[in-house]
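Here is the structure we will look at, set down as structure tokens.
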Amino acid sequence: MAPTRERDLTPIPLHRQLGLTDEEAELIPRLLGREPTDPELVMFSLMWSEHCSYKHSRPFLKAFPTTGPAVLQGPGENAGVVDVGDGWAVALKIESHNHPSAVEPFEGAATGVGGIVRDILAMGARPIALLDSLRFGELSSARSRHLFTRAVAGIGHYGNCIGVPTVGGEVSFDARYEDSCLVNAMCVGVLRHDGMLRAAASGPGNHVVLIGNRTGRDGIGGASVLASADLSLDDDKRPSVQVSDPFTERKLMDCCLELAAAGAFVALQDLGAAGLTSAASEMAAKGGVGLDLDLDLVPLRETLAPAEILVSESQERMLAVVTPERLDEVVAACRRWDLDATPIGTVTEGDALRARAGGEIVVDIPAGLLADCPVQPVPLVPAPEAEPVDLAAVPEPDDPAAALLALLARPTIASKRWVYERYDHLVGAGTIRRPGGDAAVVRLPGTDRAIALTTDGAEWHCELDPRGGGRAVVLEAARNLACTGARPVAATDCLNFANPEKGSTGWRLREVIAGMAEALEALGVPVVSGNVSLYNESLGRRIYPTPVVGMMGVIERAERSVGHGFSAADDLVLMAGAGEPRLDCSEYLGEPLGRPAMPDVAAEAALCAFLADAAAAGLLRSAHDVSAGGAAVALAESAIAGGIGAAVDLTGGRRADEALFGEGGGRVLVTCRPEDRAALADLAGEVSLAEIGRVGGDRLTVRAAGADVSLGVDELRSAYERAIPEALG
Amino acid sequence: MVRFPGSLDHESARAAVRAAGGGAELAWHADAELPAGTDAVILPGGFSYGDHLRAGAIASRAPIMDAVRRHAEAGGPVLGICNGFQVLCEAGLLPGALRRNATLSFVCRQVELEVADADTPWTRGLDPDRTLSIPIKNNEGAWYGDPATARVVLRYRGEDALGSTDHVAGVANAAGNVLGLMPHPEEAADPLLGSTDGLALFRALLKARPR
Amino acid sequence: MSRVVVTVMPKHGVLDPQGQAVAGALRQLGFAGVGDVRVGKRIELDLDGDDPAAQARDMCDRLLANALIEDYRVEVAS
Amino acid sequence: MSRVVVTVMPKHGVLDPQGQAVAGALRQLGFAGVGDVRVGKRIELDLDGDDPAAQARDMCDRLLANALIEDYRVEVAS
């Protein structure tokens, strides 16, 4: 094999251009026992990027609970899988496509959806739901409006066309995301326990088959250039944009699921970041076998060099291991779906990942080495503790009703109808609770059960107190599920952070994960999959620490799910949960200020259990989590959704504004029939449950510490619904 | 139930037919014939051929469409839902064309419909005063055509975000046996989903079926 | 092999919402002199065989254009 | 008032799923000689003001084309 050519004309060494550190470049020849070839060096550079190797975050991730009786597949595969009863299982995973979306929001967001769907497909699961978690700069910025509207269009384009409903998600706006927007997509699939596929290749002599789109110069260098470098918005990082092809993805789904059901695959893996390199090395390393690939056989869209073929990120491709006996069947099924299926290599004994081109071996490395990137320790510099809000320095609102309308019209709080009406949130006839509530509820096909799905973030809280914020994000997700009557079963997470080598970001990462782990332990919810996206900063502006939690819960009887809208006059309004509202870390203050209280994980776990019990017993008419904007906004949202008002007295808080708009404390607004009040109180046990008013009429009237807010439901709706369309002009 | 590459709603539509008391089999776009004993044909919703070129255009030229045409010409009932409606217009089996929504965006929402013609196999017996609550979800759902000559079967009540001529949500051929609808009755066929108004169409057909 | 260019435009008299939206967006960007805008398709095909123009017209009639709402034009480039 | 024609085509090397789908459909209709097909946009604009070609190029840079994945061409027809 030819060693690396000398490049004396290049002042910057190749490894640095590829993003490898000098230490890593010295380590590679020692591990290999020789100098790497150029294609090998490129492969190392991609596989050893943070994006593929988690070299900065890996040690911290160990804090997450990842096991439990329901876990069929924890982290380490393309997606996590959990049991949901009767032989059925659910696969879930969330992933970021932040940097590609900042460069080209439509295609970046669309291909982000495509990628996460293929991760679910690779488990042998049928994708049944998508969620998207988005962060952009303020809508007053033209660039943010562009990124937001185009990213939403891209997600819709892809999800709608492949027929997987986008049932939930979240969007918020803050100047911190002006240069580094966040686009995280989550996919959920269903499968039979015995139909689960894994990525581990096996059986020397078996074929390695590439299925789907041809390979082109898409996203070459994408994994390292786009995902691991500070983004300074210059043009020369742009030539490698991937164009989405959802029609081919749908055919890939239909065809692979047909073949998976027939048991035609030994193993299945999607091609994502680092393309063939990542897919092939993972399949080989997981299976403890080698792979021999002939790059000349890879169907190309244009002429490519061997290294380019190895790292191309062309979309809509899967890699399968197939026995010689079933090869014809696989190829024939793909032809029926008008998809290319090309045997490009074989499984071998040993552990070598080999690639040939033009008859010569251009790559020959132990597959495991690519996955063995040395950990890069990050500095752990604590950030100073935030000061509590000094209430005396916050003027009381002259007109609390106007303050409520203004809060409802803040884009971060306002109705996201503009977004979810652009998504097919129904396809598949399984969406029982549509977007707009606390969590989506989707029928579990073939059973009487439903699953509830949510994604949540708590970035202001994480900025002010990373440990507490880590707890808060998990608890909010669980509370949102519980509001629909679900018991949380499993979580997936995407950790969006700034550059971990700078300032306190590394410390924040560790603290957030520790806080998340504490809440997950208290709830008994394992993390089964996830993703890390670092370096979300540019031009000196870093994003807030933004962990996004995707959570799935089960509702035993689908017809018992609960909505967030008030349901009928004379129902009682109650506040569940005893936490105190605080203006610290409230949307009302308009920016992350103060020191939010440390969430009480035990109390909140009990609250979630109570809500699920109450829903199962048929005692809840509605339930809605008190979050951004406080109790007044939660009441308004329930009134708008139900089309009926209420009269309520709010207690708690040190002043009227704190009672109305204060946040935190793990509180949920529930309603019940008057005759069910006693039964509900019995179920509540230790969980505090206070009657605060009654549903009825066409106005929402809220009294709190002397303030009196009374607004028509139509007025509330108009402020809430019109804000985003108007901000977009 | 015809399945094209990119069809999405065939399973939901099949479930709705079953819920109404019937049964459905899938036919493949490349087949030359419908399954023996076919009483009625449904072209389900979706993004056949990725909506490339014009929605429904490529599917409308598929081999199975010759068999669908023969079935229609012999008076057999045909229902095209959303993409199926687009296919039927492109195939010339229904009048008019479906164009980009006036919003220039995909629209997914519950709408209210009025029955303008209760004398097709798919609407016979429906109370003309009844309002049906059924969702729409499409990109190219604005019907363009001449409502004076076309047989309009369903109209949007109130606002029509799509910008169809004369609020048209569904049209039939002159004989009434071929119907195209933008709304998705299969998404309103189960009490769990909030509405069962879509079942009425499948039930009407099953009642009218020649024994 | 000839290169054929097929142009498909919305028929005159048929409302073109996409063209209208583009015109509006351009005016909003400050292009005050924008009048009517129409958006159509340009399809470039490599074609083998006899009489590429006739082939392309046949393609238009059978698939590429919808005569109800669109007009087409065929040019043989090489 | 000048009539300007803007042609926007997918960049060379960039995946064109629409072109692929149209090529496949044409072959299935029996047009055996169909090679590569690429589908783009044709935008016809009526423009008032000086230097319509420069104006149109500016429009392409700012709105009509996506420089990452598309190339454009401007012709002034009259």
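To keep things simple, chains are lettered A, B, C and D as they appear, and every chain counts its residues starting from 1.
Operating definition for what follows: a residue touches a chain if its C-beta (ideal position, glycine included) is under 8 Å from a C-beta of that chain, and two chains touch if they have at least 3 such contacts.
The structure displayed is predicted, hence computed values, not measured ones.
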Between B-D and A-D, the pair with more C-beta contacts: A-D
Centroid distance [mean C-alpha coordinates] between chain B and chain A, Å: 35
Chain B and chain D, separation of their C-alpha mean positions in angstrom: 33
Between chain B and chain C, centroid-to-centroid distance (C-alpha), Å: 29
Residues within chain B bordering two or more other chains: 49-50, 52-53, 58, 61
Sequence positions of chain C contacting 2 or more other chains: 41, 62-64
Residue list for chain A, restricted to those that touch at least two other chains: 245, 247-248, 338
Touching chain combinations (by label order): A-B, A-D, B-C, B-D, C-D
Chain B-facing residues of chain A, complex: 153, 156-157, 160-163, 245-248, 250-251, 254, 337-338, 420-429, 431-432, 443, 558-559
Residues of chain C touching chain D in the complex: 1, 7, 9, 19, 22-23, 25-26, 29, 31-49, 55, 58-59, 62-64
List of chain A residues in touch with chain D within their complex: 103-104, 107, 213, 216-218, 238-239, 241-245, 247-248, 301-302, 314-315, 338
Contact footprint of chain C on chain B as seen in their complex: 53-54, 57-58, 61, 90, 96-97, 99-102, 104, 142, 144-145, 163
Residues of chain C defined as touching chain B within the complex: 14-15, 17-18, 21, 41, 62-64, 66, 68-69
